[in-house]
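Both complexes shown next keep chain A, but they swap its partner, so chain B is in the first and chain C is in the second.
This part shows the complex of A and B:
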């Protein structure tokens, strides 16, 4: 087998080994590559900064543990941003999930951040966690018209919603000023658009995995989606805007290196392919 | 101070991460074990959450009056009919529940889908400003969108002889380049997502804050163990 053939038939295990090396090396020895702030992360940051005082904000955890590596850093950064401004701006934050592993992800977040100790926010007055709402799109529609009926008890303390002052005036989608959905798939953006954005005019912003971005871009361009935070790279930029570097920033060198590997492999494959084709022709 | 249970949790998580990744080497028993346990745990978790939700609904809403109780029981009975799928004799009953789910789902979506995913998109396209003062890049981007969208729409116009002649042949070529660019962007983002998932697990394995630092030692020990067993298995099978 010639070298050109070998270049086109690299054993996949060597490629996986190279992927491990390209990812682990910058995690062991951070390279400190520059991180320019992109338009999306800046728009996301500015949008949250511009949320009016006294707003009611829903944060929907529409992903499971499998989406955590990419979405968890942006969830942490967004919750820091919200809780940090919660008291001063009198925001009311409702955390819920349309994915059944969403509460599990938020449990992990609460095991790392104590909002009461760090931001003096009071559970039940400034924020509340309603937990999982089943039924996918049907559940979303039902929640929009009757929040108390869909989630009669909260998730964290398992008490009736009537015991929480924050929920006193929040009954339907008309009482909500913004939805922040952090999501990996269905239910997600199209369902929020169909059941909350269009019928009730609730604006919403989405943090998503990279693979979903091409499908979401048209909604951003049309203005139906107010801001979009796409993937780990944008999460890292957002962490830098908040001056709170976390897991996303720590992973950005590895992202760059891994993409470099993919480009190298594409180049090797193409060079070998065209060279062997030229050789055959001659 | 890490408790014994937390330590066991970390080592278990590291083991399952590496067992799943061992598939990169090839099909093996470690991967199979992890895969089956993962599937079982996921289903168990979902069932427990569903039952918990049903209980909450019953206690706080549906048990408050006789009519509500009856409606709740009817809904539960329809839910149980899902399991009729597993018998040939009562398979037809499963279709009733399926019909309700599909019917309500489609009804809910169709209510607004024509606006959110069709008309609003067309209106946004029609409103596009080709010239954005002070932003040359945005102006270029908007102009490209204004050309590309109709071209791609025309690409899927399959009828009539005009398709093979100019100007349709040029439009078709331009639409193909447009779609290739779109697929390229999708591929790039897919690579980002797949590697992000891997990077997240790698950060866990290396115990990078806020992940537990104990994971790093577990990573070295378990990775070595799994690799040795995989090589040994290969070696033994080759000999026999």
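This part shows the complex of A and C:
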């Protein structure tokens, strides 16, 4: 086998090994590359900054543990942003999930951040966690018309919603001003839009994994989706906008190196392909 | 008209009509039916557990292919179900230390690992697939490479125009294609719904499709 053939047929085990090295190296030896801020992270940041005072905001944890490597950093950054402004802007934050592992992921977040200690927000007054709402799209439809009926008790303290001042005037989707869905798939934005945006006009912003981004484009263009935070790179940019570098920024060098490997391999494969074609022709 | 099809048509219309008309009686009936459906969905979880037990139980019994993995699955399914059972007076439930330990130290890393394995597959697949064998493939190669590079600060910090190019790809060809696919799928779904309502599509009744 000639060198050109070998360049076109690299054993996948070597590719896996190279990928492993390219990802691991910057995690041990951070490169500290500059990070240009893209329009998506800027739009996300500006949208949250522009949320009117006294708004009711739902944060929906629509992902499980498999989505954590990509989505958890943006969840942490978004919650910091929301809690940080919660008291000053009188925002009411409701955390829930249509994925059954969502509340457990949020438990992980709460084990790392104590919102009461860090931001002086009071559970039940400034924010509340309703936990998992079963039933996927049907659950969304049911929640839209009767939030108290679908989630009679909260998740963290397991008490009736009537005991929480935050829920006093929040009964249906008409009482909600924004939904922030952080999601990996179904149920996700299309289901939300059908049950909350079309009938009640609730605006949406979505954080999603990289592979879901192309599917979000039509919703963004139509205005049904107000802002999109796509994947880890945008999460890192958002962390920098918040001046709070965290998990995503730490992973950006690894993202860069893994992408560099993809580009190098594509280049090697194509150079060898055209060189061997030229050789055959001559 | 047969009774199952009549029930299907009734239930469907009960969900569709409130979307277009504001009739309090139908709205209320529709909401009640949604609550029934949530109960049915929750019961389906138990059916899933029974089905999983049957499939993997048989595999273990017959020492079928990869049966040790089935043992692992069964053991952890039972273990997590017991530890997470909502009986807090007995120290169970998904807020107890044992459940959280298993979630944080077993399920969480395994889930992350499964997702991260994609990076290896995608790298290998990109190397094999992105080859400019013809004009169409060259088009995919160039646009794909631009999008890959535009997601890496390593490239965008020195070649900022990549972000503009990626934004154009996202906004124009990608959105146009996405819209086409969505509209096509929606029309297909409407056609399927009409066929179901008219009793032409019967596969869901386990009746064997069209007559």
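Throughout what follows, the second predicted complex is superposed on the first by the 282 of 282 C-alpha atoms of A that agree within 3 Å, B and C clash if a C-alpha of one lies under 4 Å from a C-alpha of the other, contacts with A are read in each partner's own complex, and residues count from 1 in each chain.
The rule is short, and it goes like this: a contact is a pair of C-beta atoms (placed from the backbone, for glycine too) under 8 Å apart; a residue touches a chain by one contact, two chains touch by 3 or more.
Because the structure is a prediction, the values reported are computed rather than measured.
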Would you check which partner chain A:224 touches, where first means chain B only, second means chain C only, and both and neither mean what they say? first
First (chain B), second (chain C), both or neither touched by A:149: both
Once chain A of both complexes is superposed, is A:33 in touch with chain B (first), chain C (second), both, or neither? second
Determine, under the contact definition given at the top, whether A:233 touches first (chain B), second (chain C), both, or neither. both
For A:193, is the partner it touches chain B (first), chain C (second), both, or none of the two (neither)? first
When the two structures are overlaid on chain A, which partner does A:256 contact: first (chain B), second (chain C), both, or neither? second
With the two structures laid over each other on chain A, which partner does A:273 touch: chain B (first), chain C (second), both, or neither? second
Touch test for A:134: chain B only (first), chain C only (second), both, or neither? both
Look at A:125 in the shared chain and tell me whether it touches chain B only, chain C only, both, or neither; answer first, second, both or neither. neither
Which chain A residues come up in both lists, the one for chain B and the one for chain C? 12, 16, 19, 23, 66, 68-70, 104, 134, 136, 138, 141, 149, 199, 210, 213-214, 218, 221, 231, 233, 255, 258-259, 262
Touching residues of chain C toward chain A in the complex: what are they? 19, 27, 31, 34-35, 37-38, 41-42, 94-95, 100, 103-104, 107-108, 110-112, 114-116, 119-120, 122-124, 126-128, 130-133, 141, 145, 148-149, 151-157, 160, 163, 167, 170-171, 174-175, 178-179, 182
Footprint of chain A on chain B - complex, ascending: 24-26, 45-46, 49-50, 53, 56-57, 59-61, 104-105, 108-109, 111-113, 115-117, 120-121, 123-125, 145, 182, 185-186, 189-203, 206, 208, 210
In the complex, go through chain A and note every residue touching chain B. 12-13, 16, 19, 23-24, 27-28, 66, 68-70, 72, 100-101, 104, 112, 132, 134, 136-138, 141, 149, 152-153, 160, 190-191, 193-195, 197-199, 209-214, 218, 221-224, 230-233, 246-247, 250-251, 254-255, 258-259, 262
Once bound in the complex, which stretches of chain A touch chain C? 10, 12, 15-16, 18-20, 23, 31, 33-36, 38-39, 64-70, 104, 107-108, 134-136, 138-139, 141-142, 145-146, 149-150, 199, 210, 213-215, 217-218, 220-221, 231, 233, 236, 252, 255-263, 265-266, 268-270, 273-274
